[in-house]
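See the structures that follow.
After this come two complexes, each holding chain A, first together with chain B and then together with chain C.
After this line comes the complex of A and B, so read on.
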């Protein structure tokens, strides 16, 4: 079954060169060098090397899969060729850097240091040849994975994934588990000891790696034998009420214990994620439900934060309210701002709306920065000494305590989002997103429907801003740049437009993950860009798309069958 | 009292007079058709009635009350609903959601009610769902409520569009080429269906249609437009024998061959 016209070698080389170009690019922008400093397995593998190997492996695997129909030899050949092509590209890079030292004036990262990494410290030519060989070898291995079938593949890939993950997060795991010990139950066992054995420096030790691989393989084998049940796809509907309560209960306990178990640093990361979840849920109403592209969303976040600052900071000697007194006012102000923005843009659609809202976001930031309002906003100095929320004597003044406040906020806002989505107003928003003219012709008042979307979206951002201001204790204009709007929009898109769980997934991926991998922060936007492009190409609906929700309320009909084809339409007799 | 009266309605696009001085009176519970060659201004007239366009001249009265200058959503609330020449469903929503959106003007839940989901809100939603289900059944989509609209076959999409329009409980239903793209059998079914809308629901129908067999078969009165002007009005029989109509459709000189000429499709005029 030769379905494609391209010869095997051509497919392989083409895909190999894609991977090779990527590998060269990542080397030249400095990613490989930065990644090199991170050890995955101490003394054996660095993240930089793993990264380049990944380029080889992925290209080879992709090439092998394209020619799968041609038989096993073709698969291995394609894998080897593609891997070889990636290796060759890197070899050419090594030679070019060696031959043209002046290239550094253009590519500042094309340094001897990069060469040293790429050649594994060997002489230039040896390094170059080594990469070609390594490419072919790794390529064949990757292709072989395809031939060995899904069970083996899953085992190998999950082992590699586990090593990569643990190696990457070694530091973090150390931080989290440091305080743990079992002396409370009379066992003299500290996790720190286990850690010293499993991890070395910033990565796994060799022994640790072997343990991880053995555990993963063991789990996979057990699962294959049926000892461990494979996770079944979760069914969203048709869960009984008691099951639901148990689930929610377990989940709440988990969420409540999270910061206590994971420690302050993780609580801080989750706080950040939650702030973006709050904003994401708000923007999701505006963009995801109602289809109004808003690029100035940060403006509402800023108004919430500044509102909180102005109302509570003693610096200004004006209001000096407590956080709880100021919060509803700050949120009210953002709602007002949402309506004020909404009115002029009622007649504006699509691209034009995006540009106007973009301007709105910038105007808010510039107002905060301006001299004219300096008495109120503090200009570039911002506002300090913002009140912390407190209940009785309990002040939300550290990351762990704020975690609970934010968690409560997210639960509340998430609940409101779900209720709104499933209501008459949610339907009106979605109808407006689908076709504004028809929505109006069907009797939906576009003015109130749009303004309510803007107001609800703004309210959530205002709440996020109010908590953000309390968390930092100060607000500065720089905190409210355009990039925040873009981030929030991107996390909605990555998660899945209009999907509430998607917002949470999106925030974890786009805010939580970069926070954990801070040392690679300079490549954050590059990776962002790549992730967005890849997502739009291969999974445009997002990571957790809005499922075509079955209406649980439905009483009569069984699951729709697919025999609706072109059968004559049953008009007569269908009325009753 | 007539249900809808158009008086001297005119609509201009730049130099083009899309509709000129159109007078038209629709009595309650009739099936009234507007026909004419392509570009005659039929859909423009529809858009003037439903508020998509503002007529430049004249007035349109529903139950004696002017609806000119009212936005489309208000006109819908007053009792006019429509379907579209090219089906315009909310494509990514399910069939029942489409109908529920149609019920929007008759529901009252606001943001606060939606959040707290009071007993009243729940009752309203349950009633809405029951009504939507009943409407789906009426239009022949029983059991297909959970289908995403864009995945329905063409004929059912047309039905669903009618169902959505019915949800707003119109007195006057404007159907813009409801049988476009249908085979004769389906068109015949649609004809019966339109008649049922009038007979069983008491809805007045204003129809734009090219299928002459359908038009002649169900209309009580017909207005013929050409270049934005009314060139004839009357019963199907009168229209079929009107020389100006034949001229408009077939060109000058054809008037001599009067009979059967309005019959575009292979079939003979149903009214003869």
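After this line comes the complex of A and C, so read on.
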């Protein structure tokens, strides 16, 4: 390793400068300014400041960890130096912006507003000096956290995390709990009152912060004393059948009550999440199970939605079916499209497949947009007046009702996914994912296996498209850009390729969270990109990986037993 | 083995043969109808071809970046289209400053050279950065992993540049020297078109000489043949890979300036379409093959410029120019299916890497 030959100060300054460049870049991109609008603790801390402090803390911590072997003084020195380097980088930025006001014509975010944020409203030079000092201070604190051991570290980090989360979601929590009260059970207590005390303006009040920190520290201490059980690892290996039924029952009740408790806005967010869960489950079959990288997946979503539009919209005066009549036809059309597009690419592998499917997706979008098919797809105007699904007199016409339709769809598709994964076909897909030639040699018919993967994936996307069309009530070609494909791909990668719960986790993180943090929509794709790269570098198996994949990707190091289950797992030798 | 394979694949092969035949017949029929109708004059055809050559030489320059990297790492550098965008988008601000100070009007050649150098340098730097951060740590990872980081890097670059320079269209200053047209052998060229074609040809010749004649070029070829053997011969493989990214990036930056010369506008999203077209060109010529990328680029440029008027019009499709991109994507799909080795390449797409 490099760190052995390199003096402590050099490692620290190098890492600090990396962190500093990142902090400067994020400031210039406009993230800090946007984040500044959000208050975490009223009058004390904004998200923008927290973000920059995080850059300092992370760099210092990384530097401190590199030199851990050199003893505590070296650790503190490295932390302070790295933090100071980040602070100096920001100081240089402040001074440069002050010296060259014209820089704004190139870097549009290098404005006086940014300087004001960075200098905390102080004069330029004071602000710059302040950052150097702040960097050193925060850096030493971060390094000290490393020295204090894992228990203290966990407590501090979870307290910080809780404050960050509550501060960020303050508005949302207020919106959700506004209507709640306990007067129904005879208690004179309103959540609004609690809120006024805990939260102030757009963030936590100081008292609220102290309460949150105290609660988190208390919980951690109790946990450490063994009073509270540590949360069990998520994947328990064996569970009795009755336990399982109770769990599933409780979970279903929770899911069914969710939109009623959380309100319309959250129902809308969950609808979005569910549509992406449906697509994610489909792409998970193609990419996660069968290992066929499909970048044109949005095409099937589009075919499902357009199929629904063409079949139900009275604008065309052709079919005018009801939603339930049209749905099987639309899904059938998508499956057909999946097979038709699948046949030509049977022989193509890897990145070539990615590019071809990307081409397919773009072709479908461009055709929908073009004048050539205007009679059918309505060109840029799209198709309006798409039928809503209805059972008897119950029309799925608002977010809460659609939630139940989508929930039913997800449960169905999730169930099919699980059964497919455990079936003979599922094993064939995974064999093919690992090695096509070997799979063929052991008697797997690659043609049908691949086509079935495409067809199943397409069917799920078609269903998602059909529901999406009904939800919006119209389809436009703009809804089906390449970014949807990338979004779906990203969510299954974040969740863990081939993992069904991973799809749900991924959709919540990549679709749900951004919906809740709408004001940062501008940086959504930037964050996606960063998340994709960072995940691939540090945790390629995803947040909730399939057990076998995790073993494979970490084959050289024994998996920590509390992460996978209680039984020691056989460690598979690396395959390639 | 071969017989079973034949028997198994025959169904799909038949389908693909039919698809290929239908498309060929449609193209021939459409072209004949258009030519017979005499809707376009010879002059218009000439214009379309010249336009296509101009576009094509830009595609060729970008395609070289894909092909060089593929030749060495056997991976598609998805972030290359953003490398292409980074150069001219950054150089725009230099061009604007030079224009405002009157330098560009007084010394158009020197000014252009400065702008081009800035663009090439920026693109080169970005390419090196991407290689260092997103690809080098993953050199021995499973196939899909670097592909996904490449997509991630591409998103990051697009949005970083959007955040830095804004999301609007920026207009390059017009050069008085380059307005107007002239003709060679009766074919009329805009001056910008001529500059683009000549510059692209010179750059390609320089690259070819670099790869064939210099010691570094020789090392690049060695690494592309066999990384381990090259390392045993004392070649610093990491350095050669970085050099390859740098050369590809510089060419993309130059292509970006030429693109800006023709279209006049730059924007953070400008890389996507030319990027994928250039990839098509690289595949068309046989990916990993340097002259192939050049031929492929020129062919694709002419094909998509002439195509809509030539055969789509004849097939009675309204507003055929809208479907220009569809033609390129379809061509890409068809080549990958029917002749993945491209015009000059070896068969690679089904090879397990």
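Heads up, the rule we're going with is that the second predicted complex is superposed on the first by the 542 of 576 C-alpha atoms of A that agree within 3 Å, B and C clash if a C-alpha of one lies under 4 Å from a C-alpha of the other, contacts with A are read in each partner's own complex, and residues count from 1 in each chain.
By our rule, a contact is a pair of C-beta atoms (placed from the backbone, for glycine too) under 8 Å apart; a residue touches a chain by one contact, two chains touch by 3 or more.
Remember, predicted model here, so these are calculated numbers, not experimental data.
K.L.:
Determine, under the contact definition given at the top, whether A:392 touches first (chain B), second (chain C), both, or neither.
P.N.:
A:392: touches no partner chain.
K.L.:
Look at the residues of chain A and decide whether chain B or chain C touches more of them.
P.N.:
The partner with more contacted residues on chain A is C.
K.L.:
State whether A:445 touches chain B only (first), chain C only (second), both chains, or neither.
P.N.:
both
K.L.:
Report for A:428: first if it touches chain B alone, second if chain C alone, otherwise both or neither.
P.N.:
first
K.L.:
Check the residue A:456 against both partner chains and state whether it touches chain B (first), chain C (second), both, or neither.
P.N.:
first
K.L.:
So, does A:226 touch the first partner chain B, the second partner chain C, both, or neither?
P.N.:
So A:226 meets neither chain B nor chain C here.
K.L.:
With both complexes superposed on chain A, which partner does A:419 reach: first (chain B), second (chain C), both or neither?
P.N.:
In the superposed model, A:419 contacts chain B only, not chain C.
K.L.:
Which of the two partners, first being chain B and second being chain C, lies in contact with A:437: first, second, both, or neither?
P.N.:
both
K.L.:
If you stack the two complexes on chain A, which partner ends up touching A:150: first (chain B), second (chain C), both, or neither?
P.N.:
neither
K.L.:
Starting from the residues of chain A touching chain B, keep only those that also touch chain C in the other complex, and list them.
P.N.:
In chain A, positions 437, 445-446, 553, 576 sit in both the chain B and chain C interfaces.
K.L.:
Within the complex, which stretch of chain C touches chain A?
P.N.:
For this pair, the touching residues of chain C are 8-9, 11-12, 15-16, 19, 75-76, 93, 133-134, 137-138, 141-149, 151-160, 163-166, 272, 276, 279, 283, 317-319, 322-323, 325-326, 329-330, 332-333, 336-337, 340, 349-350, 352-353.
K.L.:
For the complex, give me every residue of chain A touching chain C.
P.N.:
25, 28-31, 105-109, 291, 293, 343-352, 354-356, 358-360, 362-363, 366-367, 369-372, 374, 436-437, 445-447, 482, 486, 489, 493, 497, 522-523, 525-526, 528-533, 536-537, 540, 553, 576
K.L.:
Quick check on the complex: what are the chain A residues that touch chain B?
P.N.:
416, 419-420, 422-428, 430-431, 434-435, 437-446, 452, 456, 548, 550-551, 553-558, 560, 564-566, 568-572, 574-576
K.L.:
Can you list the chain B residues touching chain A in their complex?
P.N.:
Those in contact with chain A are residues 50-52, 71-73, 76-77, 81-82, 84, 88, 90-94, 96-97, 100-102, 104-105, 107, 109-111, 113-115, 117, 121, 125-126, 128-129, 133, 137-138, 140, 142-148, 152-153, 155-156, 159, 164-165, 168, 185-186, 189, 192-193, 196, 200.
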